[in-house]
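Common to both upcoming complexes is chain A, partnered first by chain B, then by chain C.
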Partner chain A sequence: MGSGRLYAAVAAGGFRRYATYRAATAAGVFTNTVFGLILVYTYLALWDAKPQLGGYDQAQAVTYVWLGQALLAALAIGGGGFEDELMERIRTGDIAVDLYRPADLQLWWLAADLGRALFQVLGRGLVPFAFGAVFFPVALPREASAWAAFLVAVLLAAMVSFGLRYLVALSAFWLMDGTGVTQMAWLAGFFCSGMLLPLNVFPGALGEVVRALPWSSMLQAPADVLLGEADPLGTFVFQAGWALVLLAVGRLVQSAATRRVVVQGG
Partner chain B sequence: MVDAADAAEVTAGRVERGGRVAEGLRAYRLIVAMWIRSTMAYRTSFVLTTLGNFATTALDFVAILLMFSRVDALGGYALGEVAFLYGLTSVSFGLADLAIGSMDRLGRRVRDGTLDTLLVRPAPVLAQVAADRFGLRRLGRVTQGALVLGYALATVDIDWTPAKLLLMPVMLVSGAGIFGAVFVAAAAFQFVAQDASEVSNAFTYGGTTLLQYPPTVFARELVRGVTFVVPLAFVNWLPASHVLERPYPLDLPAWVAFAPPAVAVACCALAGLAWRAGLRSYRSTGS
Partner chain C sequence: MDNDRAEPGGAGGFIELDGVEKVFEVRRRTGFLKRERRRVRAVDGLSFTVARGEMVGYIGPNGAGKSTTIKMLTGILTPSGGRLRVAGIDPARERTRLAHRIGVVFGQRTTLWWDLPLIDSYRLMHRMYRIPDARYRENLDRCVELLQLEALLDVPVRQLSLGQRMRGDIAAALLHDPDVLYLDEPTIGLDVVSKAKVRGFLRELNAERGTTVLLTTHDLQDIEQLCSRVMVIDHGRLMYDGPLAGLHEAGESERTLVVDLERELPPIEAPEPARVVRVEGPRQWLAFPASASAAGLVAGIAARYPLVDLSVREPDIEAVIAKIYAERASA
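Let's look at the complex of A and B:
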C-alpha cells in the first residue's frame, strides 16, 4: 500500500514538473497547431485524389491529423520524455544513487513518465484538437463508451511508449552515448507509429508489417478506436500484449545492466 | 549591474559600419572553423550524426513517396513536380540551417545566463550566436535535398530557357536568405519569450514542410499568409511556378517569380532590425 502512494507521488511530481513551464507549453501548442494545419491540407488533397483511402473518409483523415498532433508530445512518439535524463544519469554514474533507493527503477520512471504524459495530453493536446474540431470537418463519436475506450487505448499507448523508450535509455549502460540510439528510436517512432502517415495507407506487405509492430499501438491504435475502425477489445489485447512484452524485456535488460554496473569509487 | 547589451554597443559603436560587417564575418568564420575542428576530432561520430541527419530529413520525402504509391497527383502536381518543390525548399532551408541553425539555442543561453559571456567578447553578438555550436552534420539535410532536386530535374520535362536556368541558383540562394531571416527573427523573439523557443519551429521546420507541397493543396488564406505576411512563397512556390510553367498562386503577376532576391534582402533587413531591438531589450538576470 505504501509503495502505491510512493508511485502516485512520483507521477504527480512528473505532472507538476512539466506543468511548470507554461511558456514552453503554449509554444508547443502553437507549433502543434501550425503543423496540424499544414498536414490537414495535404491529407485533404490526398483523400481528394483517392476517397476512402485506407478505409477512412475525409472527415476521419482530418480527425487523424489532429489526433496525431494532440498525442505527439504526450506519447513522446519522437522521444523526448524521460529517456534523455535517465541516459545522462547512467553516463555520469548518478544511476548508482537511484539503484540504492528503496524503490523499483522501472516503476519509478514509469510513474514519472505517466505523470508527464497526463499533463501533456491536457496541456498540449486539448487545444490543437479543439482547434481542429472547430475549424475542420471531423468525425467524432457521440457515445461516451467510445471515448472511454479511446482513453484506455491512450493509456495503453503510453505504456508501450514507455516500454520502448526505457529500452532506449538502458542502452546507455553499454553504449554510454545514446545519441545514435535516440535518433534511430525517433525515426522508428515517426515511421512506424502512423505519425508520418496513417498505417492503413501504407502499401501492401509494408503496411502489414508496420501494423504488427509495437509502434502501431501508439497512434494508429487509439485513433482507430476513436474513429470506430477497430474493435476496442482486440486493440486493447494487442496493445497490452506489446506493453507486457516490452516491460518484461526492460526488466530483463535492467537486471543484466545492473549486474555489470561498476560504480567508480571515490 | 552594468547593462551588458549597452556596453557591447558602445564598444561596437567605435567601429565603422562596413568594418563591423567584415568583423562579424571574420568572427563567424573563426568560430565556425573552431567548431569544425572540434567535430572532426570525433570522425565516426560526425559520419554517424550526418547520416542520421540525412535519414531524419529523408523521412519527409518517404511520406511523399508513400502518398504517391497510392495516388498519381497531389493538388494537380505529379511526383516529379512535388520533388522539384521539395528539393528547392530543402536545399534552401538546409543551407540556412547549416549556416545559422543553432540560433534556436539562444533562449537557453538567455535562461542560463551564458549570453553574458558573448556580450563581453570583442565580436558582434549576432556572429557569435550564429556560429555557436556550428553543426557540420547538417550537411546531411542539404545533401538529401540536393539528391531529391537532382531526381526532379531528371524526371520533370522542363522547357529550359536562359531565364529559367539563371533562376535556379538565384532561387536557392534567395531561399536560404529568406529562411536565414526567419531564423534570426525567431532568435530575436527568444529575447522576449525565453522558454517559448519552440514557436520558431513552426516557422522554420513548419515553413519548409509547407513548401514541400504544391500551393494548390492549401487554403487561399494560408497561401496569402505565406506570400504577404511571412513571404516563404518566394523561396520556391512563385519562382518554381515560372520554371514549371504552372499558374501562379493567387493569380499574382508573372514578374513575382523574379522577386526572390529583393524579398530576401528586405527580409534580412527586417530580421536585422528585429535582432537589434531584441538585443537592446535584453537585461541580464545578474549572477
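Let's look at the complex of A and C:
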C-alpha cells in the first residue's frame, strides 16, 4: 500500500514538472494545431481521390488526424518523454542516485511518465482536438461507453509507449551515446504507430506486419476504438499483451544493466 | 532520538569491511576488431571497521577508490570479493532494506527534483521512506531550521545556488532518520560561509543524534573540523587509519623554526636532528621532526646566537598527505 502512495506521488510530480513550463506547452499546442491543419488538408485531398480509403470515411479520417495531434505529445511518439532524461542520467552517472533509493527503477519512471502523459493529454491534447472538432467535420461517438473504452485504450497505449522507450533508454548503459537509438525509435514510432497515415491504409503483407507490431497499440488502437472500427475488448487484449511483454523485457534488461553497471564519474 | 535500538551489527562495528575487493574489467580497442581485456583493481583488499556514532574522514587522491567504496556501501556496486556489512546487512543483497537505514549525499549529484519546489522533493521522501507523519514533520522542521531552508522551500531547485542546493540535499538525506550518512564531497564548490554552515550542521547531527558519518572529501578542513579519525586510501588500499594528528608521524612531517638573528651569520650549527634548510639575510629556517620539542632547540640556539625573534610553523596537513601519496606512488 505504501508503495502505491509513493508512485502516486512520483506521478503527481511528473505531472507538475511538465505543468511548470507554460510557454513550452503553449508553443506545443500551437505546433500541434498547425501540424494538424497541414495533415488534415492532405488527408482531405487523399480521401477525395479515394473515398473509403482504409475503411474510413472522410469524417473518420479527419477525426483520426486530430486524435493523432492530441496524443502525439502524451504518447511521446516523436520522443520527448522521460527517456531523454533517463539516458542523460545514465550517461552522467546520476543514475547512482536513483539506484540507491528504496524504489523500483522501472515503476518509478513508469509513474513519472504516466504523470507526464496525463498532463500532456490535458495541456497539449485538448486544445488542438477541440479546434479540429469545431472547424472540421468529425465523427465522434455519442455513447459514454465508447469514450470510456477510448480512455482505457489510451492508458494502455501509454504503457506500451513507456515499455518501448524504457528499452531505448536502457540501451545507454551499453552505448553511452543514445542519439542513434533515439532517432531510430523516433522514426519507427512515427511510421509504425500510424502517425503519418492510418495503418489500415497500408496494403498487403506490410499492413499485416505493422498492424501486429507494438507501435500500432499507440495511435491506431485507441483511434479505432473511438471511431468504432475495432472491438474494444480485443484491442485491450492486444495492447495489454504488448505492454506486458515490453515491461517484462524491460525488467530483464534492467537487471542485466544494473548488474554490470559501471556508474560513470567519481 | 532513539539511538538505543537493538543493533544486529552493533557489537563489532557498524560498518565492517573485511578484505573487500572490486575489480573492473576494462575492454580496450587495440586494433581493428582487436580488443584487449584489462582488469583494474579499484578496491584491493580493503578492511576497516567504523563504530556506531563515529565520524570518519575518508580521503585519497582522485581515482583512489573512494567513490567505489561508497557505492559498495550503498549496494549499487557488488564487491568482487571480501565481506562487507552495514548495520548487519549485506548491501548488495538487500539494497532496499539497507536504503531505509542510510542517507547518501553525492556532492556533485542531486536527489532533488530539478524543476519543482524543494518541498516537493521532501514530500516524495516522506512517501519513499514511509516516514510516519509526525516524524516527518519533526525532522523537516529541524532540518529547515538548522540548515536555514525556510525561504527556499517554495523555490524550484533549478533556481537554488550550489550552497543552497547542497543544504537541500543534506536535508533530503536525513528525513528518514538514517543511522549512517555517507557524504561524498559535501562541500565541493561551496564558498566559505556555506562550508561553515554545512560543517556546523554535521557536527551537531553527529553529537545530538549519534549518526554515524563517513565523509569523503578533498577539503582537509572538513576533516580537521569534523573528524577525529581519518582513513587515507590510495590505489584501492588503506594507507593510513588513525587520528588526524597521527598523520604527521606517518608522513614523517617536520615543523619549521624561523629565527631572526641580529645580523647575517653562517648557517646555525643546530643539534641533530634539526638542520638549517634556508638562509635569507639575518633570517634562518630550521626543520625538525614534528614529534620533537621546540623548547630545547630554541634554548640551545638562544644560548649561542644573538636571537632577536622566532616563530614555529606547524606542518601543513595538505603537504603531509601529498607526501604520503607521493611516497606510495614511487614505492
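Just so it is clear, the second predicted complex is superposed on the first by the 262 of 266 C-alpha atoms of A that agree within 3 Å, B and C clash if a C-alpha of one lies under 4 Å from a C-alpha of the other, contacts with A are read in each partner's own complex, and residues count from 1 in each chain.
To be clear about the criterion, a residue touches a chain if its C-beta (ideal position, glycine included) is under 8 Å from a C-beta of that chain, and two chains touch if they have at least 3 such contacts.
A quick note: this is a predicted structure, and the numbers were derived from the prediction, not measured.
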Partners on chain A (chain B, chain C) - clash or fit: fit
Which of chain B and chain C A:248 touches, first, second, both or neither: neither
Touching partner for A:96 - first (chain B), second (chain C), both, neither: second
First, second, both or neither for A:256, with chain B first and chain C second: neither
Angular separation of chain B and chain C about chain A, which is computed from CA centres of the superposed model and rounded to the nearest 10 °: 90
Partner chain(s) touched by A:237 [first = chain B, second = chain C, both, neither]: neither
Contacts of A:5 with chain B and chain C, given as first, second, both or neither: second
First (chain B), second (chain C), both or neither touched by A:13: second
Which of chain B and chain C A:176 touches, first, second, both or neither: neither
Most chain A residues touched (candidates chain B, chain C): B
Smallest separation in angstrom, by C-alpha atoms, between chain B and chain C in the superposition: 11
Chain A residues contacted in one complex by chain B, in the other by chain C: 21
In the complex, chain B residues that touch chain A: 45, 48-49, 52, 55-56, 59, 62-63, 66-67, 69-75, 193-199, 201-203, 206, 209-210, 213, 216-219, 222
Of chain A, residues touching chain C in the complex: 2, 5-6, 8-10, 13, 16-17, 20-21, 93-94, 96-97, 99-103, 259, 261-263, 265-266
Contact footprint of chain A on chain C as seen in their complex: 24, 62, 66-67, 71, 74-78, 95-97, 99-100, 102, 104, 106, 108-111, 113, 115-116, 120, 123-124, 127-130, 156, 184-185
Touching residues on chain A, where the partner in the complex is chain B: 21-24, 26-28, 30-31, 34-35, 37-38, 41-42, 44-46, 49-50, 53, 177, 179-180, 183-184, 186-187, 190-191, 196-197, 201-203
